[in-house]
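Input: a single structure, listed below in structure tokens.
Each chain gets a letter, A, B, C and D, in the order it is written, and its residues are counted from 1.
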Amino acid sequence: MEFDFTEDQRALQEAVRDFLKGECPVEFVRAQWDTENGRSKEFWAKFAEIGVPGLLVPEEYGGLGMNEVDLTLVMIEIGRAGLAEPVVPTAAVGAPLIRDCGNVALASEWLPKIATGDAIIAVAQPTSPLVPEAECADLLILRSGDGLYAVPAADARITPQKSNDPSQKLATVEFDAKDDQCIARGADADRLEGMALDRGALAAAAQQLGACDQLIAMSVEYTTERKQFGVPIGSFQAVKHQVANIKVALEYARSHVDRAAYSVANDTTSRSVDVSSAKIAAGEAALQGSSTSLQVHGALGYTWEQDLHVWMRRAWTLDLAWGETAWHRERVAGALFEDTLPAEHFGFSPPA
Amino acid sequence: MEFDFTEDQRALQEAVRDFLKGECPVEFVRAQWDTENGRSKEFWAKFAEIGVPGLLVPEEYGGLGMNEVDLTLVMIEIGRAGLAEPVVPTAAVGAPLIRDCGNVALASEWLPKIATGDAIIAVAQPTSPLVPEAECADLLILRSGDGLYAVPAADARITPQKSNDPSQKLATVEFDAKDDQCIARGADADRLEGMALDRGALAAAAQQLGACDQLIAMSVEYTTERKQFGVPIGSFQAVKHQVANIKVALEYARSHVDRAAYSVANDTTSRSVDVSSAKIAAGEAALQGSSTSLQVHGALGYTWEQDLHVWMRRAWTLDLAWGETAWHRERVAGALFEDTLPAEHFGFSPPA
Amino acid sequence: MDLNYTPEQDAFRKEARSWLEANAPKEKLPSFDTKEGFEAHRAWEKKLHAGGFAMVPWPVEYGGRGANLLEWLIFEEEYFRAGAPGRVNQNGIFLLGPTIMEVGTPEQKARFLPKMASSEEVWAQGWSEPNAGSDMANIQATAIKDGDDFVINGQKTWASRGAFAHWLFGMFRSDPDSKRHNGLTFILVPLDTPGITVRPIEKLNNKKAFAEVFFDDVRVPIENQLGDEGKGWEVAMATAGFERGLMLRSPARFQDTARKLVNLYKKTVASGAFVAPELRRTVAQCWMDAEAYTLNTYQTVSRLMAGGKIGAEASLNKIFWSELDTKMHETALKLLGYRAELLAGSSEAGDVGEWLDGYIFALAGPIYAGTNEIQRNIIAERILGMPRK
Amino acid sequence: MDLNYTPEQDAFRKEARSWLEANAPKEKLPSFDTKEGFEAHRAWEKKLHAGGFAMVPWPVEYGGRGANLLEWLIFEEEYFRAGAPGRVNQNGIFLLGPTIMEVGTPEQKARFLPKMASSEEVWAQGWSEPNAGSDMANIQATAIKDGDDFVINGQKTWASRGAFAHWLFGMFRSDPDSKRHNGLTFILVPLDTPGITVRPIEKLNNKKAFAEVFFDDVRVPIENQLGDEGKGWEVAMATAGFERGLMLRSPARFQDTARKLVNLYKKTVASGAFVAPELRRTVAQCWMDAEAYTLNTYQTVSRLMAGGKIGAEASLNKIFWSELDTKMHETALKLLGYRAELLAGSSEAGDVGEWLDGYIFALAGPIYAGTNEIQRNIIAERILGMPRK
């Protein structure tokens, strides 16, 4: 039993953080709002150079062959930077789905391209008809009936759906299910889709941690500089305690997320409940972070030009991605009250 | 349209407040904890002198012939004083039930005695098997099957049930339903019982307002006197804002209670929803008042010798009396979502 | 206590309802924080004014119909029931107007109120400065007397409606040696005066809801001073009381939202979509709270009509409605599920309506008109008497 | 990251489980805040000590079994699983013990720890004074050196276990000219020393949970000083860290409560009683929060075992578990409905069990060991670096 990240994992996290500080300042995020599809090929190429898109791609396909514990630390940094490039569907969900579906031809075609940054994958969410990143994807993994299909972009009819978060690219997608594009059916499809959902939710939760941390940092900075009544407003308990409360929520959400990362990486029997717990806790922390940060920023935070809302909107949209909080709550409650919760959870254990 | 109390009503409230200041200091409340049945015949006799037990008793039976709007202001003062004598079952519920049940013999026998303070009435709550004040009652109004019965104390088998609030006297009661003690059946019984519930809940809600006000007053006084770090602890925002929040909850609960009082007195079609709203809002305000007051009192509030818990316990027990919050919430939600809510509510009105 | 409307009140309601049904725009106007929407809203106000409904509690001579506050509540109920447009001149008619009525000279009333009622002149508010937000007494913009004029220098910010309005009201330091609440004067400033620069600021919905206003030797005649010289704080406090209190957020607004929320809940349940079980209670609680706010306002109005005053208890209202408004919109977004983030116009958005817009607007509630933190200080200190230091 | 227990850890768990199943009292002991219960709990502690389970992470020479912190967590899990009695000497074994281990002399360790482990000597804590609560640096009780003794005068209050304990630890002002955090010395005081008067205080459940302790020229030998003279604050901070942090509230306690709550929910639903729909989510959230606290503690223990330290983040724990404990008990009382207020022994109370007692105990959580307001200050200032003034 050892519940901590390794030094290598921490080093990876720091490297990504440094990279994003340089390559993804908030000006970059904002600039993408006004581009045609909101995504940057240049950025993605650089991101591939440090290995992020292919983090879960096996080494034989040119990836780093890492797992979701490593990726979670990277996703935290992505959330902190407010980056909205298609990391989740491509690196966190699409790559392992293609890896795991048992279709060697598909894997051989797409995994190397993912690793080199030459392919973007979009994956339909079982909890919503909205497909993130469909517009910029080269390949879409979509559900139809009892089958899961790998559909090249040319075969998909994509209708953009505008999100309140200008960084978030959503669409509804129609396609004609073709047998030769089917990659799994029945229980196999359900299993792959279930795993995709948990991977997506975990990646969203990790981003929520990062976004929440960033919201706290901005609030601390602003309230330390901003003076009213002759003192920094951060010295008022009403401000201090609100920010402290986000920190409490964040750190306990972090424990859930860390555990969920382990559970996904090791496909434990408690995986679903752990992921849902993580998504709920991180989502609530990030939303609390949003509203509190806005409140302590006052009118300034309420403007378009101040950067606070960049992360507020990330928090809102991430809360709806890969299962809303309400959906995940029901999954936890169901497991808990219908006695399907595995005894594997550590800590206080029920009688054997 | 005039939504305010009259000067006479305010004068009555002040008179009762002054009376209770003199006759019911907290030492009196505490002293009752150690007496045999927790009730004082001496106090009740004095209370009858100023007319409280017979407030709703018609003048022809020796009462004041007032209504629930008047009584609500009195109940607020009773809550403020922390008085737990059997005002609710006798004056607020029992007297009007006997008045309204159409049994002239019953009315002639008991209403004058209520007015003179010579009879205590206990009334079973449809929401709980616990009958408050059964032990000290002369007459119990009890339900059995589809009938409502007026049962003399001698015919009732009473089992005391100890409450966490030493002021609260509860019991379960068994009796043999006798036809000659039946005062209503079927729809009549339901109507009387429904009215009893609303009257009881309204009286409990009014007491909760008074208790909440008292908790605020004690908190303001304590935090103004108590110094830490060289200043009164009430000058810290963390303390100030918590107390301010109770005040917000209290004042909006008050509006619900005032409205419910009118609705009960005039038996409006929205009566049930108004009473439930009042019970919910006043209950939440009083519970918030309890926990906040305890927190700002610190360890001192956590002692038996400090008086704070006298009102905390009142708040707890009143929350369970005459329908818990959860029960009342369901009644409001039911009316709201099943479209049984009358259009009579003033303010923004739906299309006719 | 009598909670029945009088026959006269019922008749007035009927009249307002008929007029609004016949005259209120069927289509939603564009946002008044765009130039186009600003003018569309002014056109609507002109119509409202012509119908005699621009500001019903005002005296007839100033463009009102001499109704009392209860009738004002009834009018607001009917206004929201009709889904009529937001009031583009709310800073004028709800905040400044009542203040002019209270402390203005007869000339000022005659000069300003009628054009305010008709929205010929739309008002921006100029309270905040970069260093005077919650700490409003820290105002630094100066208005120094020079002959028959004040000469104004400095900067205001977060001036609501500042981008398109004609006039601005605010406090300026007329005694340069004064400190804090003293030496401030309340002045009415035409925004087309030379020396004024208006820089619109986009709010969270990307619309120009407010502006920074820069003053560079701006000359304003001394008759534009409202109330006594150096007594601007007292004048402003009366205005702030109205803002937090009765006028700005009439209960009908929240009852309207609550009713829409109840309908959204019922519709969502009927659709068979998953609805988190706790929302049944949350929606009911929102409805109850909107009722509470209404009941409380009726009580306040009853007291005011009997000669009472509205004081620090306006701070209770401010906290209550701003938190309620946020809660109602948050709850609606939860009911909308994955569609909650979609902007109107997206095909998948369907009829999600204005909940997202409303949510973003609601988020400002705990901030403007004095943050809720400031309101809690006021409640604790002025209502409950807790120690300041 | 490896979230599997090692075979050794599994074996230790099994051993603890077997021993506890065989030895833990089947009936609940009377409250240790009564004289009878105090002694019954001491008898249990003696048995626990004889079994080698009194304080598993302590070195064997002091009455422990030299286990590591992870094994301590496992032991705690089994302890709560077995429903074993509360630890009457918690002030000693969880708070003072680790401090002595850190700063005590070899003689002090040998003198105090073994008798602490066996509960031959039970400890009271003497932090607060009438004017030093949240403001603990305002300590006024003095301990002035006189020959080989300290002479103590003054008063402590809220001394937990003070009514029946044998010893008390606390801070005293040894330099009468000192102020605030300086000039304080941490001293261990036998409660039977002449000049000491103990006045028990009843807590909210009517039990003598704490005491006021009065010192009138009480002579204590200087070897009872723990840590350096004048450095009592630093010594106390180490103790307070343990209290808020790891030791005092092990996660098993809350997982145990959460599991009971889940069972109560299931049973109440199965009974057909009305259960407010939102409680499904509230109960699940409580369970999740207890998991979070457990996970977080395992992470802390992993860090500590790798050589890390526990610091200001203990304040996060304090807020989290105290709020969780209150929420769990409040939720249980809601599930119990009208029976929630009944005291055990009332026939109608049935099996409502200890929820009410637990609720009253939980209410103290946000107050003791530094109020949650103080913890929020610490988080804001020391963890987040927000300005003090």
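Note that contacts are C-beta pairs under 8 Å (C-beta built on N, C-alpha and C of every residue); 3 or more make two chains touch, one makes a residue touch a chain.
Since the model is a prediction, treat every value here as computed from it, not as a measurement.
> So which chain is the furthest away from chain A, centre to centre on CA atoms?
If we average the C-alpha coordinates per chain, B ends up farthest from chain A.
> Looking at B-D and A-B, which one has the bigger number of contacting C-beta pairs?
B-D
> At what distance in angstrom does the C-alpha mean of chain D lie from that of chain A?
Each chain reduced to its C-alpha mean, chain A and chain D end up 39 Å apart.
> Nearest whole angstrom, what separates the Cα centre of chain A from the Cα centre of chain B?
Here the centre of chain B sits 52 Å away from the centre of chain A.
> Counting only residues that touch at least 2 other chains, which ones in chain D make the list?
276, 280-281, 373, 376
> Pull out every residue in chain B that's touching 2 or more other chains.
236-239, 241, 329
> Flag every residue of chain D that touches chain C in the complex, lowest number first.
Residues in contact with chain C: 276-278, 280-282.
> Using the touch definition up top, name the residues of chain B that touch chain D in the complex.
On the chain B side, the touching residues are 127-130, 159-165, 168, 170, 172, 227-229, 233, 236, 238-239, 291, 294-295, 298-299, 302-305, 309, 316-317, 320, 324, 326-327, 329-330.
> Hey, which residues of chain C end up touching chain A in the complex?
The contact residues of chain C facing chain A are 128, 131, 133-135, 138, 157-158, 201-204, 206, 210, 274, 276, 326, 334, 337-338, 340-343, 345-349, 356, 363-364, 366-368, 371-373, 376.
> Under the definition above, what is the set of chain D residues touching chain A in their complex?
Contacts found on chain D: 1-6, 9, 70, 73, 77, 80-81, 251-252, 255-256, 259, 262, 265-266, 269, 280-281, 283-285, 287-289, 291-296, 298-299, 301-303, 306, 313, 316, 319-320, 373, 375-377, 379-381, 383-389.
> So in the complex, which bits of chain A are touching chain D?
1-6, 69, 216, 220, 223-224, 231-232, 234-235, 237, 239-241, 243-245, 247-248, 251-253, 255-256, 258-259, 262, 266, 277, 280-281, 329, 332-333, 336-337, 345-351
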